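The structures come next, written out as structure tokens.
Look for chain A in each of the two complexes below; its partner is chain B in the first and chain C in the second.
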Partner chain A sequence: MLTRRDFGKTGAAALTTAFGFSLVPAQAAVRELKISRTTQSRSVCPYCAVGCSVIVHSLGDKARNVRSSVVHIEGDPDSPVNRGTLCSKGISLKQFVNSDRRLTRPLYRAPGGKEWQAISWEEAFEKMARAIKGSRDRGFVERDEQGRTVNRLENIVMMGGCTDTNEINYLLSKFRFGLGLLPYENQSRL
Partner chain B sequence: MTPTVVKLIDTSLCIGCKACEVACQEWNDQEFTIGTFGGTYQTMPDLAPNFWNLIKFNERETDGGLSWLMSKYQCMHCGDPGCLRACPAPGAIVQARNGIVDFVSDNCIGCGYCITGCPFDVPRLSPETKKVYKCTLCSDRVAVGLEPACIKSCPTNCLSFGERTEMLRVAEKRASVLKTDGYAEAGVYNPPGVGGTNVLYVLKDVADPVSYGLPKDPTIPWSVVLWKGPIKWLGTLLLAGGVLGSFFHYLKFGPKHEEADDDEPV
Partner chain C sequence: MTNGWTDVANADVVLVMGGNPAENHPVGFRFVMEARLKRKAKLVCVDPRFTRTAAVSDYYVPIRAGTDIAFLGGLIHRSVSTGQYQTDYVRQHTNASFVIKEGFGFDGGYFTGWNAAKKAYDKSTWQYELGPDGFAKVDATLEHPRCVFQLMRQHYARYTPEKVSEICGCTVAEFERAADMVLAAHAEGKTGTVLYALGWTQHSHAVQLIHAAAMVQLLMGNIGMPGGGVNAQRGHANIQGSTDMGAWNMLPGYLKLPRAHWTSLDEYLKANTPKALRPNSMNYWGNTPKFMTSLLKAYYGADARPENGFGYQWLPKAAETANHGWAYFFDGMTQGKVDGLISWGMNPVANGPNTRKMLMGLSKLKWMIVAEVFETETAGFWKAKELAEKYYPKAGDAEGIGTEVFLLPASCFAEKDGAFVNSSRWLQWKETNLEPPGDAKRDQEIMSRLFLKVRELYEKEGGTGPEPLAKMKWDYATPHAPSLSEVAREISGRDLPSGKQIAGFGELKDDGSTVAGCWIYAGSYSEAGNLMARKGQEDPTGLGLYPNYAWSWPANRRILYNRASLDAAGKPWDETRAPLRWDGLRWKGDVPDYKADAKPEQHGAFVMLPEGVARLFAPELVEGPFPEHYEPAESPVENSLHPQVSFNPAAWVIQGLGDQLGEAKDFPYVGISYRLTEHFHYWTKNVASSSQLQSNFFVEVPEALAREKSIQSGDLVRVSSARGKVEGPALVTKRLRPLKISGRTVFHVGLPIHWGFIGRVNGPLINNLTASVYDPNSGTPEYKGFLVNLEKL
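Let's look at the complex of A and B:
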């Protein structure tokens, strides 16, 4: 039974709603931060020679049945190189990591062949070691024209990359001097 | 009290690298739609529902040369937002206490009135979702104390972010430096017609914002002001008057009685 008081209340409510006063309380919605539960890993941008540091945000707690995925990459403020900033290429690194065309395993193309074929890492190391050994055996110079001992190798070039760490560069130098390799360049200078 | 946050754009430092554009796309997980080449270095001719931040490569001819007037085209987060005034859907557009004007898609009804209300022509209606989108000033990041994605990426320090009074001071200081550097007209773009904007620009020529693609003295369209102000109240009054009138009419004259039809056979 609708009493007179109830009629007044509902009537007023219906009227105000009809006239554009919402009786629903306005709620302030805060957008969800997509990196609130991510794992942060430090890395270096692989593009140019500046070598900006980045923070890779990945989702997934690395539990056994979970596959992590990279959800966001942004600049690392701790790096003196870029202090958190990135260029248009660096800031798009997430697409680089998640691209289905990204190379994640060794591919081999036989001499004269047209097709790339996937091979195992063992096979790849074996082939590289064989090729280096072959070239070195052919091109190693023990003595120069004047008969001086030089023990140098001129038919292999070593190329370093801008994302190589001090430790990698130390090992590269060891490797290079071990072979007697002279031509040596780094992407950072190009 | 929550401080008002401000994005400061020093256009004299922009090199057009577009890092802020990509940072915006990346943070908001928006797929880029490949457009057409328009004869400039600009990424897109205009903003889009999935593209909220555009660096405009405004060209101005100088004596024997060409100068680029870079400007960052995105939501200005006005102090008195025209979009919010025009919006008929409760909760679809919110102005946070820190000054951020944000669109809440769940409440958006896709009427597009905010597009009419915006003096800077920023909101874009998506034909797929029938909802309107624009820059959020990364309200999600700002809420947890991070700076917006575009600010963080900028490699030339052209973009900075902070509390309003502090950023106004920084902007004025930078403008005075530009003045001593030979840009006599340098100044801060903070149009009072929309209650000031929480996106500030330092322009080399503040007397001519139009050449930067920014409106001179923008105001909320008078149609929106009238329609959401006096006209709305007048209409409400008229409607209420009509309802009250019929109520008192009923009290005085009672219900309408049908006259018995005598001709009808029984």
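Let's look at the complex of A and C:
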């Protein structure tokens, strides 16, 4: 039985005589690995906290006006934790990054609305900042009933952070303490 | 983790309890298998369900959900009563010898000092007896009737193998065999590790449960040892980092959030800087003023000056006993006390207890902002009735829900740089050269633009409390989209006079001349560069510590409490596994959890605690200084130790809108929730491969129960609790062994999470079933062990 590999090795040579020109170079081009032209970034899997290191291979990032796209994600063999291995979720990370369910534009749902509507970032920032300021102006407590400076806000809740980096979590702490916001939670308790 | 993934390979005994790493942390589980292969380690798995970890264990013991403290209490009893503990370690490195005040006791389910009206303890008897020098009294012989060792022995005398069997449902022989395997690690030259996950943290007595595990490990002499420790297998990529950066009641680096009665920085520091309780205690938290001042300098920059308490007044101060955690703010939301919610990649509708209550809360908001990579059940909560009316018949129609919602397209891990902290406490830097898709933005840009926009409105128009907002420093080179490297440098810390990055927290000062956004990360980005991005392969100790790979908090230390791996004179308990050695002048090996040049006998090994030793007796916990077995809030049986106090008296049970507890007569079975290896939480139902591999929710039903109800695999069943229901096909299984408890048979029903009403594949949310019952120390909901009924449809 002729396997594909055999076809590549001997079949091509046989075909040379039949067609009068060699197919080998053309086949070699087809066989070049997709990742041979990629840019590699060393990253870390976003799922559980084993913290497997991954190599993200992307194409297109070196050309002007071209957005890079992920073509392959594999385990990083340099990591003492995963030594190149990944679990069934980690090995399919490319499908997470490239999922057609990714959100790609800001969406807005008006009070009582039944559908999402598109909204520009500018309008969204304007409306969100107004909403935050309105609530904060109503809820912010500078001094408590005993006259002590407390600078606290209890009518806005913030949550999140466990899916993102230390740096984002730190910025988040500055955001919430800038507002004076106390009700806050992340996944660490759940 | 006190230790780390790679270190698990050094263990002789691995106790997996409250976790299932073979399924949920499969790549980390390699090190358990390596320990078995290379060290002939024994793997003991204790779990209500015969899991994938159990399947490859040397010994498996089933127990009823929520009875882990009884099992561990049984281990403590057996260890102490049979002399299977490491005597010198216990004497040297724990508070076993400390004498407790007269009057302390435990009776009928309560420790001394219970105040039923306040639902809280007066802890005045749970304290050390102090000598005239202000230090705690100790009795090195461990014979004083009020020393911790004797009190502990007495407390656990009730936890006989027969009692363990009666509470947990395993047989006496099963308990004894598992106990002998685990307690074998008490011998010098043998080390055991404990691996746990949410099967331990999701109980109304979870922190005490982990305290019990720490007690076992201290008795075995396993804390600080390679192949030892108490190791949390955390469930999200940076849940450790987000914990380090502070829960609601913490500032970054585990500094306490200010409270209203600490009206100045001086008062705050006075109340929160501990004093040494023994003459040899290093009491490292004594440096709290340096950590706090450096944080205030990071937050408020040049405006933080000695004369204004470094800007302390701008930080929010919670009321003295206020609680602003999940349990309470969601209840407040249902009462209309909350205007708005800002969620950065979190999905409370899916992951909060009692989904119906979460939906009720969100529908009372005026506005909600969600930054996400996918549309979630939280962002689209107003569609619950349309998409899942079967489960939420009383959820309002979208027209009637007045919440304004902003759903912002954020970026995923690969599109951002920055550091994740894994369970081993390794800060691992990510690189990126990708842009987020379409019009999506990086989270740092979304957050910064929003913050700066709010601040701009206050600058232009004025408003309430403008100062804390104006003073918070956001002076990055690109303020609307800060470079995360620049942020990482601020977190790691800088010496202001020289402008140089600091090398570690030892350089921090309390005079305002240093800056550090999170003191435990100090030195992660030093003058030598970004140490979190290191890929060094060296392993000089041969113990799998890899000191030049990434950067581990604190101080790049790989094994916490490593000074305890040596005896008083500085001789390693195990010469073949010594993370540290004393060469007469300095400590060599891992970064010492100790002063680098202090002689072995100079300080206690537990440098962060004012005692200088580890706490078997831990008075800071709210429901007792010793762990005690309490039943879950919903239990099929009474607590056989003290039926009149069956449930943790100090636990938080929220009894607000939508909250109800069920009873065994209506809901006779024990529900447990868990993950499957093909899925990650509620994300991968959006990913093609995961949703193809596990497209459907199912209910695991024990064989005997299935026979009783004529259920066959594939039959549609309904599982209901006092809060809600889920429906799906049954998977009849041998994995859930019926357990005999007080003469009756208790069945568990297994409920994998992962589905919801917005995804590529959909199914019921398991938290339809769970209750607003929380651990009082951590605020974690009780997701393991709640009462359900099962019907064939």
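The rule we apply is simple: the second predicted complex is superposed on the first by the 120 of 190 C-alpha atoms of A that agree within 3 Å, B and C clash if a C-alpha of one lies under 4 Å from a C-alpha of the other, contacts with A are read in each partner's own complex, and residues count from 1 in each chain.
As a convention for this text, a contact is a pair of C-beta atoms (placed from the backbone, for glycine too) under 8 Å apart; a residue touches a chain by one contact, two chains touch by 3 or more.
The structure presented is a predicted model; accordingly, all values stated were derived computationally and were not measured.
After overlaying the two complexes on the shared chain, residue contacts for A:Lys174 are found with chain C alone; chain B is out of touch.
By the touch criterion defined above, A:His72 lies against chain B but remains apart from chain C after alignment on the C-alpha atoms of chain A.
The partner of chain A that touches more of its residues, comparing chain B with chain C, is C.
Of the two partner chains, both chain B and chain C are touched by A:Ser92.
In the superposed pair of complexes, A:Gly84 makes contact with chain B only, with no contact to chain C. Residues 73, 82, 85-90, 92, 95 of chain A touch chain B in one complex and chain C in the other. Chain B contributes residues 17-19, 21-23, 26-27, 29, 90-91, 94, 96, 102, 104, 106, 136, 139-141, 143-144, 149, 152-155, 232, 236, 239-240, 243 to its touches with chain A in the complex.
Listing the residues of chain A that touch chain B in their complex gives 15, 18-20, 22, 24, 26-34, 36, 72-75, 82, 84-92, 94-95.
Against chain C, the residues of chain A that register as touching in their complex are 39, 41-53, 56, 58, 61, 67-68, 70, 73, 78-82, 85-90, 92-93, 95-97, 99, 101-114, 116, 119, 121, 124-140, 142, 144, 146, 148-175, 177-190.
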